[in-house]
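What follows is a pair of complexes built around subunit A, which joins subunit B in one and subunit C in the other.
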Partner chain A sequence: MLRVSFLCLLLGAATGQAQDRTGLKTSVAVDLVGEYGTKAGSQANDKFVPRSVEMMFYAPVDHLFDARVSAAAHQENGQAMFEVHEAYISSDKMVDGVKWRMGQFFLGFGRLNRFHQHEWPFISVPKVQSTFFDDEGLFDSGVEVSYLTPLPFFLDVTAGMSNGYVYGHAHNAGTKPISPLAWMHLKSFFSLGALDFQPGLSLVQHTASDGTARSLAGFDLTGKLRKGKVLRFFWQSEMWQRSYTAAGGSEEISTGAYFYPQYGFDNGITLGMRVDYLTVNSLRDASGKKVVNSESALVPQLGYRPSEFSNLRLAYRFEQKELQPQAAESNEVVEFQITYMLGAHPAHDF
Partner chain B sequence: MVSLSKKISKSFLYLSAAVLLNSCGSDEDAATGSSGFTFKSSQFNTVTGTPTSTDTQVTGDASFVANTPLSAVASGSHFSFASTLEAGSYVTLTANGSAQNSGGVALKFENSDNVLKVTMTAGGTDKDISSSFSGLSATNVSYSMDVHNDETPAHVLIWAGDETDYAEAKAKFNSEEDGVADGNGTGSYWGVELKSATLTAVSVGEVKFEEED
Partner chain C sequence: MISKSLKILVVLSGLFLASSSFAALQVVATTTNVAALVKAVGGENVEVYSLTKGNQDAHYMDAKPSFIMRAARADLVVSVGLELEIGWLPAMISGARNPKIMPGQEGSLVLGDHVKPLEIPKGAISRDQGDVHPDGNPHFMLDPVRAGKLALVVAKRLTALAPKDGAYFNKNAQAFKSRMDEGAKVWAAAIKKAGIKQIFTYHKTLSYFLQRMDVNAVGYIEPKPGVPPTASHVLSLIKSAKQKKVQLILVEHLYETAIPKRIQKEVNGMKVASVPVLVGAEPDVNSLYSLYESLVKSLQ
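So, the complex of A and B:
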């Protein structure tokens, strides 16, 4: 009897019947990227690798709760790493207008941080994102509550708190912080004719166990103009300012942003251009004189998206680092990416 | 293309307000010493002592910081230096410290009775890492090092001065394998401290080792 049941279970999983009975949906997202430096001494990887392979499971648990689990495999210095990105339970059915989730997840602030890397609209990580939130974004275990305010216009308020034992990508357990990682995101929505916009304001706060304190404030804006099924125009941008004080050190203020406009043609081809900028506003030389400094990049990108399950992209990244009085240094990199998804995927945010 | 950052920064007018708001920082962290000198294309401000500098060397009992800071507190940099040490003398290179040459990730190379003693200081804690340098000259020391202060704790790699393959496997010392640093540097300056030592070369640049995704 047991053997028969086990066989049925296997057959059910193999044929997808389990999805029909329990609502369980599974998917695998593969993110293949390559980058090649065009100048001698470039720090580009000069190879084509799977950046991540992410498996996702999601389903309603019962009449109240939904749940999601996702785990990603990626390589670091040639070693295969496997980490849980998301493992949370959530509900929007307990209190009118209130959604919450508890567990491990990508923290719900800004724009890029709320999405898996394979869902981003460009290949490389904007400098402001990698400097302030690490390449993949911040994910942690905690609780997050969103409230859709009963106002005459759309305003969604999200607040959350997580352990904060580590900040960003880590392969250790970290240590108990002085104050946990806390964040807030105000999100609105409006339309100008056929053009839809979603602006957001974010605050993030964390004080690590050694006293290193971070406070960040940001503004994100996403815009979409659809013509039929074609995303004719797409805009995504984030601007952030960070206060960073190492334990026993002076406060450092940095400001950064990226802007990404994209035009879509009828046949799935897209053309976009990302602009990156980051500066340390408070940087002084040892004599106390302000130092002009910046890291900037221009990243034109050609994309082909035949369906919502696959994406091919080719980009050229020209980046420049300036730290006066030293001569500016530049770097040029050709990037390409193939992402594809096997199976279903959950509904996306705007 | 050279003025790319300027063109971009001009287009970000709304960022300028934030820049202005934060451009009024105090100069509390400025180096206290009034004298300075130039050595190997870098301008240094003296913090303590009276270094004697020529085109080819700096000598004396002194502490000095480079006038040009690193790009940020949480940043990574590559340093290289060469020094001649007599018995009882030492040279210390400090990354991501204050303008007073303190509070950073410090690597001290000391001639202790003609045996090389190397100490790494981070988060205010000293760690003896001499075992990674056993049998190496205590008189003529030449090393290059990556200090990744954008990792927690700081990741330090030290290679022989003539090494050109900056892989982890080629490092004489790798803090992720040979002795974890006890914290991070707290500033955006780098500097050198000499005690009866002769510094013949020192430079800073971009990190040589990058973690691969």
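So, the complex of A and C:
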């Protein structure tokens, strides 16, 4: 009851005014998702639900600091949960070339992890993301600093450290880790004619209280070709390799990736295709022989974007799981999504 | 040996400092029209870079890292304002981490704060009305008289940043303003002589220019700003063109001519002209003066 009242209060405040005279901007983003399995025994939800309702508040605090708060209600195991996603203070005005933030935020590495789920270009979570970082990505309390290097080309270096009491999505306080969550992201930029690309390199490290150790290295690439108001071509991909050692166990090496090219037609219609792949490289059988294994997916997607404030998407997800010598298993799911945003205009990061 | 190296270092440092102190002001403009205005005022004493090109619509851009790089090294960022660049400029400024160009600083000039805008929406506004600009139409750079007045604003800001060049900037600004004021009179007379009083345009890009030239836009291909035309809206435009005897559709070069040409087929004597609305849209449109001349020609 308390949760619902708080939600109503926030919604009322958020939708009442997009920006007040102190510069406070408010917005509400709603992400409605439906998925239906087309085969018997499918693990699809077979229902249409609000995946998340997120309220965002941001404003300058004073002449030096800016701040942001976002809180989301989302579905978890059939129950509506409410949680703070972001609550941080930041500044880009104190030191030339430096931007920093302190508080709770989505950690600034990779590509998907830097964006809220309702801003992603596709509906479902790529397997590599859900396996390595959890569905929504990693968010935690800590400090992050990014520096725009004074080089003749664009090179932005971001590094951060957070509590690391939990890794991934959790509704508990967690326990003190052996080493906190630390990450680094290098971003650059280049153009091929009208086609712009932003490549990035990431490193993530964490050792939990029970000794479970994770070390990840990734490469992300985003490409855009814009013609007038139409995003004619869009590319997003990430490739990750993870070293994972469970408490008292041996090291497991996994590699995963997703690739998403998308073509935009003049009237707001887009056509894209996501390819997912994940494998445990170090998996061996009793004789020490490498076991062929993979999880893959093909996800063609049709989208309609009447404006930058709403999106309608329809996708078909064909998944396959292979673990030799067993026969491969497949799953087919129809997905659809409606996202919309009320309130303040979102700024377009590249 | 060390002494020789030190001497070379001192000489190189001196050269670097000398080149720094005489370097032109680095100005970043959000559109080619703004860049042309700053260039007209700043002349050789400024280096101006336009973030968007003549074929790009400043409504729809991203805070590209290449923009961030430019802004990080700029002494001044000149923008249109009135929410034209709201989707990307704040992210670019923040990404640049350059204290000189932060909002409110000397290195940030928003031209929209210095004009009296047209088409300020009345009453409650919502996104149901399309891409409405709550503070008014941001396409004021297409009015030669307003551009002339803005030249003085630019000169004042450049003078604040480079006081020693103040006289030069002011002289250029006054000359630019006089040329625009004179030009506006000549162009209005030429259009009046041509007899065109009512036209359609695609978007509300030409409002300021048309008001200055005493021509009325009586219909728009977009049913609402930023919203693509529907079949029923096209039919209503055909009916309206016949009733009001509209004989010309000006299509801003950022838009397709397919739908205006469909209307042309249904209305006797209707002409469709694609017109540049940004400097650099066509090879011979390389200044604000040539841009206005090109617009005038399309109405003759």
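Observations, loosely collected:
Quick note on the criterion: the second predicted complex is superposed on the first by the 329 of 350 C-alpha atoms of A that agree within 3 Å, B and C clash if a C-alpha of one lies under 4 Å from a C-alpha of the other, contacts with A are read in each partner's own complex, and residues count from 1 in each chain.
Heads up, the rule we're going with is that a contact is a pair of C-beta atoms (placed from the backbone, for glycine too) under 8 Å apart; a residue touches a chain by one contact, two chains touch by 3 or more.
Remember, predicted model here, so these are calculated numbers, not experimental data.
Counted by residues of subunit A touched, the larger count belongs to B, out of subunit B and subunit C. Judged by the touch definition given at the top, the superposed model places A:76 against subunit B, while subunit C stays out of reach.
Of the two partner chains placed around the shared chain by superposition, subunit B is the only one that A:249 touches, whereas subunit C remains out of contact. Of the two partner chains placed by superposition, only subunit B is touched by A:281; subunit C is not. With both structures placed on the common chain, the touch criterion links A:165 to neither subunit B nor subunit C. No residue of subunit A touches both subunit B in one complex and subunit C in the other. Chain contact summary for the complex, subunit B toward subunit A: residues 1-2, 4-5, 8-9, 11-12, 14-15, 18-19, 22-23, 25, 27-31, 45, 65-69, 71-74, 98-99, 103, 123-124, 150, 152, 168, 183-189, 206, 210-213. Partner subunit A is touched in their complex by these residues of subunit C: 56-57, 59-66, 68-69, 72, 83, 86-88, 90-91, 94-99, 102, 127, 131, 226, 228, 254-256. Taken together, the subunit A residues at the contact with subunit C in this complex read 92-93, 95-99, 148, 150, 153-154, 156, 187-189, 191, 196, 198, 224, 226, 228-229, 266-268, 307-309, 345-350. Here subunit A touches subunit B in the complex through residues 43, 45, 49, 51, 74-78, 131, 135, 166-167, 170, 208, 210, 212, 239, 241, 244, 246-255, 257, 275, 277, 279-288, 290-291, 293-296, 298, 318, 320-323, 325-326, 328-330, going by the rule given at the top.
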